[in-house]
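Chain nomenclature is as follows: A, B, C and D, assigned in order of appearance, with residue numbering initiated at 1 for each chain independently.
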């Protein structure tokens, strides 16, 4: 686990799914944001990352912890396209907003993935209500430790539960 | 889940295992305490409560979150005695301190269980560094929510991880 | 579970993956065949069916129980094409032969799926050494009962283990 | 896994629980018998062996596969006595007959455990309808392989399902 406190870079997203309007981290200030970077054909994402993102989504109101998926395709771009992702989100009944990370013109790694320095999928980035990255993790992370990181953002009595 | 903030009553313990000296909540001020009330022949404790207490024990240094087991026998006292408990702790390789809740002279429910108003086993009680109960839960609780409750005690940068 | 003993229809496969030559049920007489019908974006297949097919694959020599995947796409044909399937098999490290069920010209359900009367994915079909269907199951099936069905094909001492 | 075909030794049982009459392997000829040797404070038995024995118990009528527990205490005899076992069976809602293996006068290993040469707990012994041992296994065994072993006893159409 990597604990950092730098300002979260803006999201470069070519298309949003599961939301009627584009999401902007600046507009989300005041609440925590959990960013889940995944690829639809990544086994660790399907088995662990996405179910965990769903548990967070179901455990908190969106104005306390906003869960956002980020489809950071860095390989097999042809078969993990927007149409395939839309089917995937529907089949897996994923309800939270998902942005398609903007492809780069000069390499396979998309722009947001590059800006955050993500090492692969699945990755989690936890952004605090001030827009700073508090945790960035590649691979599996225990629910207990993810919970602690979320709870620490709200020391005192900010949570409704 | 029941969120409370009253002062944690003292522990009434007839015998301590896995520790060379008796534990006292007042002496533990300054760190969080997770109290896990269980019975050795309670299936929900063995399948869920104790493994979760172990995960907390393994995730935090004892001077940040101190995990304490409390053997709150309120039925079948004859077969869940101190000798049986000692075998149980050894077979299940439970390393954290466990207190045997002091039997009452006027009923089956032991004294600490009664003082905390615990409804059964497994139960978790989370006590903050000031000695106040922050969470008291009977039955299963998600790792994510238990983590949040622990993290909230340490908003800011008190945790080493 | 549906126990039947009719002759297994031939496989209509447009393309084979993970094998250098086409598989033919008649040529496989003399051994049991476990046919696993799946779709790469079917959550129940990914979470349950394919891992179970893998356990069978790893538990028996191929000349006793031959495991064959059948990609029976009956929806979202565009995104579950041969190229996407090849990536899926590689990412999920699926080693057994997989046939792409031949698309029909007059409807979404492919030819083998139609010939067997499969109701959806995941489905398992167990074919005995004489080429007869002994079990056909849609949805999850316990390992214990699948094991019993396989074991019954080999009463006496035909198994090497 | 050890596949054998010797005659199953008789059960030496000091007390039967969950049954009104003593069980005798000779009287059980004509059906398969799954013997599950366990100790109530053995973690592997509680986590794996007993749940698996329960799955077998729930999957077959007793006149096809008879599940019998055998409490083979070879350590900590004082705390794993008959009274404690009775509480254990009740708390864990174990419905199948359980025999207490007859203690030896000349060592810690009880008589049936010794006669079968069991190496520890959990162990499974599968006895065929002719009274011969077909499988004897110490430790965890996959449901799939246990199912195969059961199914092989009934090649042909002896099973009702």
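The rule is simple: a contact is a pair of C-beta atoms (placed from the backbone, for glycine too) under 8 Å apart; a residue touches a chain by one contact, two chains touch by 3 or more.
What you see is a predicted model; the values in this text were computed from it and never measured.
The chain with its CA mean position farthest from that of subunit B is C. Annotation: 35 Å between the Cα-based centres of subunit C and subunit D. Residues of subunit D in contact with two or more other chains: none. A ring topology is adopted by the chain contact network, closed into one cycle in which each chain touches exactly two others. Every pair of chains meeting the touch criterion is listed here: A-B, A-C, B-D, C-D. Subunit B makes touch with subunit A in their complex at residues 1, 3, 55-56, 59, 142-156, 159, 161. Chain contact summary for the complex, subunit C toward subunit A: residues 41-43, 46-47, 76, 78-81, 83-84, 87-88, 91-92.
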